[in-house]
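Take a look at the structures below.
Shared chain: chain A. Partners: chain B in the first complex, chain C in the second.
And then the complex of A and B:
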């Protein structure tokens, strides 16, 4: 039993890592711009396809492909900010609808560029760290965990310790007051979009060799991310990270000890319970909710 | 003015009759076939999405088949020859889109026959089939019921053929005594679960745990594999998992140190699976869909025309795309062509009667019987032998053909028991 618990915990830590990256990006975009980005799952998908195009098809080193995924999808985020969200800044519903349209465009581009088939990505490494006979973790998953930890720490430092970070947080808390202090709302929106989208792209790129890649893979990712940010508190980065860990552990343990269908139901039930008990989420403020 | 036209050119009775006839004909598929007119066949399957691997490769196979048939003069209906033409519609494995597609193919494109993957999409199409009387085919006989009188399962007898793999496993590796299983919780996964449970019970292989069901949207299979391996089974059964699941599950089995037997309905793109794991890990993997370059498909018992040549052409045009269904829709077309030529008509009723004449048919893997009254409430599934395929030295090899009816004769009660337990009998499905 100990081995099963330990292995399940390792599985949950991996799941929490990539879910955190996606959810934090979604929260950042919502916090600064007030837009629910429905295309966030497709940004994750775009990051995976960068790895397909560079690492699988052109033999570019994996971590270079991951970095390219972050930058490319970050730039996609900037495109979204400029072309979709900026013109609709005073119209959150319009931004939401535009993101749904962008979602479809990205899916169609993936189909046109890569076809509908699942993509084959060679393993980055087949090395496995074994702690005991039945406790192990593939090194490829360790890459995801370590990178997520480093990137989330860097984001925390950026937001708490740098002037741009302060500007971002000020804009998220009160855009009008921030503008009166000389903070450029446009500039902070662009930074938020680049980081938010880039994190989703990096999560997709990092996990690409570990999952099935197809143009419709963003669907399940966005549902998980929405559950996580509602549980954590819409607009709260700390909440998103904590909720990712809680969700990943609950989902992984229920899948392992019961079944995957019940795990999905449990995840949704968790969200409902939080909404009933604390409608603002674990870390959310009444203003954002 | 309207009354004047009536007075001048036709009586009220004639007007009403012709109007009724027009309305009726607008509601039915066009059956008449002019000399030289191409015969259009509908291909209504998922061409995008998670199940696309069981649609799109079949359309490619059909195109190769059609070119060959057309080059040989087409299909002979009565005194006329007709070229064959496929009209595809991507139903995205969505019942509503399948219904729209069926209506469009029949009403707008004038197809004479519609091939489907079936499964979750059939309930969306059935009202269209009932209304138009159009002849449909499915790869999944679990779609059949006494009401589906114009639906045939002429090639793949999913999931019943799965018993042959377990039967071969039990005969050839009797030392393997325990198994676990996982499956996606959908119309493809559940009847397969019931079938494998029956096959394992018949073979004396003990299930160590309840089948582990997962949501079709699952992307991380580590927890599922951890659970599967927690009881140290001799056999891991992957049920009828889509290739999008088979690959990551096998990777996880490899990474979590599993060294036992794997059995699965399919192993599409198994060369990629070997690349992701190892040749040694995949050695002995049992599944049910052969590569058509296998010498065993040159035997006299095989009814699929020039299987090896078909495979060669397919790989030339679509390198690396060969999968479980690449040949299946073409095999259905071979049966439909024989039926239409025998009937001298493309009318659904006539073709259906000709195909089922004397209760026997020429299935791709050998002569077979129209079967299924007990299992499906209707004998619209063509059932005979099915191959058992094993990966040996990195290549899929047919190890033999096993008779499904012979297994059913002995163990049919077990299959009905497990199908009933999963509400998968024809009279239990909603």
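And then the complex of A and C:
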């Protein structure tokens, strides 16, 4: 029994790490842009396809492909900011609708470029770290966990300790007051979009060798991310990370001990319970990033 | 004139909020704009810091035309704005709020000196420097908003109803601070509904009524004006 608990916990930590990357990006974009980015799951998908195109098809080293995924999807974020969210700055509902349109465009491009079939790409490494007879973790998953941890720490440092990080938080809390301090709200919006989208792309790129990739994979990603940020408290980055951990543990344990469908239902139920009992989220107050 | 508004008009959509307003702020002086609710005081101030587009007219700062510039560019020229309702960053600490005020500055040593200066001027901010700004009292938040504006090392300070919602002792404290800041050479544009306070502090005063300039003159003269006494001083 102990082995099973330990093994399931390791699996949950893996899930929590990439879910956090996605959810934190979504929260950051919401905080600074005031827009709920429905295309976030497709940004994840785009990151996976960068790894398909570079690592699987062109033999580019895996971590180079992951970095390319981060940058390419970050640039997609900049494109969204410039083409969609900037013209719609005073219209959050318009931004949301535009992001749904962008989602469909990305899906269509993925179908055009790669077809509708599932992609399975060669493993990065077959190595497994074995802690005990029935407790082990594939090194490919360790890569995901370590990278997520490093990137989230870097983001935390950026937001709390650097001048532009403060500017980002100030714009999230009060864009007009931020402008009065000399902060260019357009510039902070671009930074938020690059980081937010880039993190989603990186999560998709990192996990690409471990999941099945198809143009519609974004759906389940965005649903998970929505559950997580609602549970965590919509404006809170720390809440998003903590809620990712909670969600990943609940989901992984229910999947292991019961089944996957029940795990999805449990996740949704968790969100509903939080909405009823504490509408501001488990870790959030009414504040934003 | 350090700051000069020439004949400016501002609309919200089709509705005109202020019409043909001209205001001059001489270097080193306190100029006040008084008027009742909805007279257009905040609109005038927001136009000065670039947050509202002009329908007509021009704004000059230190001889340079600044209307049409983005707010973050105008701050760089030396115009700091303490907005109506304080608008501090609620989730940031007191110190982070203050340092955000210095966002555009590169002179590290001078920033530290100015921070020390703000803390000396507002000892309560020093005590609470690691506290989240949201958790502070109204008066402390107002002091933080003033301190944040000072951190940009401005030449003119625009203040929108700094006395609003504060107890009389705190208002008195803020009045003293405004005088001190001004004595250091900073020009001040003070928007107030509290006309008694404003006319006491200012060198020169403008009276706005429903978007039009009704009266202007040296503050001491307006203080003795029949209309001002009846409408704004309750005498």
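In this section, the second predicted complex is superposed on the first by the 285 of 289 C-alpha atoms of A that agree within 3 Å, B and C clash if a C-alpha of one lies under 4 Å from a C-alpha of the other, contacts with A are read in each partner's own complex, and residues count from 1 in each chain.
Note that contacts are C-beta pairs under 8 Å (C-beta built on N, C-alpha and C of every residue); 3 or more make two chains touch, one makes a residue touch a chain.
Quick caveat, the model's predicted, so the values are computed rather than measured.
*Asks:* If chain A is used to align the two complexes, do chain B and chain C fit next to each other or clash?
*Replies:* They fit side by side.
*Asks:* Please name the chain, chain B or chain C, that touches the greater number of residues in chain A.
*Replies:* B
*Asks:* For A:256, decide between first (touching chain B), second (touching chain C), both and neither.
*Replies:* first
*Asks:* Just checking: does A:212 make contact with chain B only, chain C only, both, or neither of them? Give me first, second, both or neither.
*Replies:* In the superposed model, A:212 contacts chain B only, not chain C.
*Asks:* Touch check for A:183: first (chain B), second (chain C), both, or neither?
*Replies:* second
*Asks:* With the two complexes superposed on chain A, say which partner A:170 touches: chain B (first), chain C (second), both, or neither.
*Replies:* second
*Asks:* Just to confirm the value: shortest Cα separation between chain B and chain C in the superposed three-chain model, in whole Å.
*Replies:* Distance of closest C-alpha approach: 36 Å.
*Asks:* What does chain B use to touch chain A in their complex?
*Replies:* That would be residues 47-50, 52-53, 56, 185, 212-215, 217-220, 222-224, 226-227, 229-230, 243-245, 247-248, 251, 254-257, 269, 272, 275-278, 321 of chain B.
*Asks:* For the complex, give me every residue of chain C touching chain A.
*Replies:* Chain C residues touching chain A: 49, 51, 70-72, 75-76, 80-81, 83, 87-92, 96, 99-101, 103-104, 134, 148, 152.
*Asks:* Touching chain C in the complex: which residues of chain A?
*Replies:* Residue positions touching the partner: 163, 166-167, 169-170, 173-174, 176-185, 287-289.
*Asks:* Flag every residue of chain A that touches chain B in the complex, lowest number first.
*Replies:* 4, 7-8, 11-12, 14-15, 111, 116-118, 120, 122-123, 126, 128, 130, 133-134, 136, 138, 141, 210-212, 214-217, 219-221, 223, 251-253, 255-257, 259-261, 263-264
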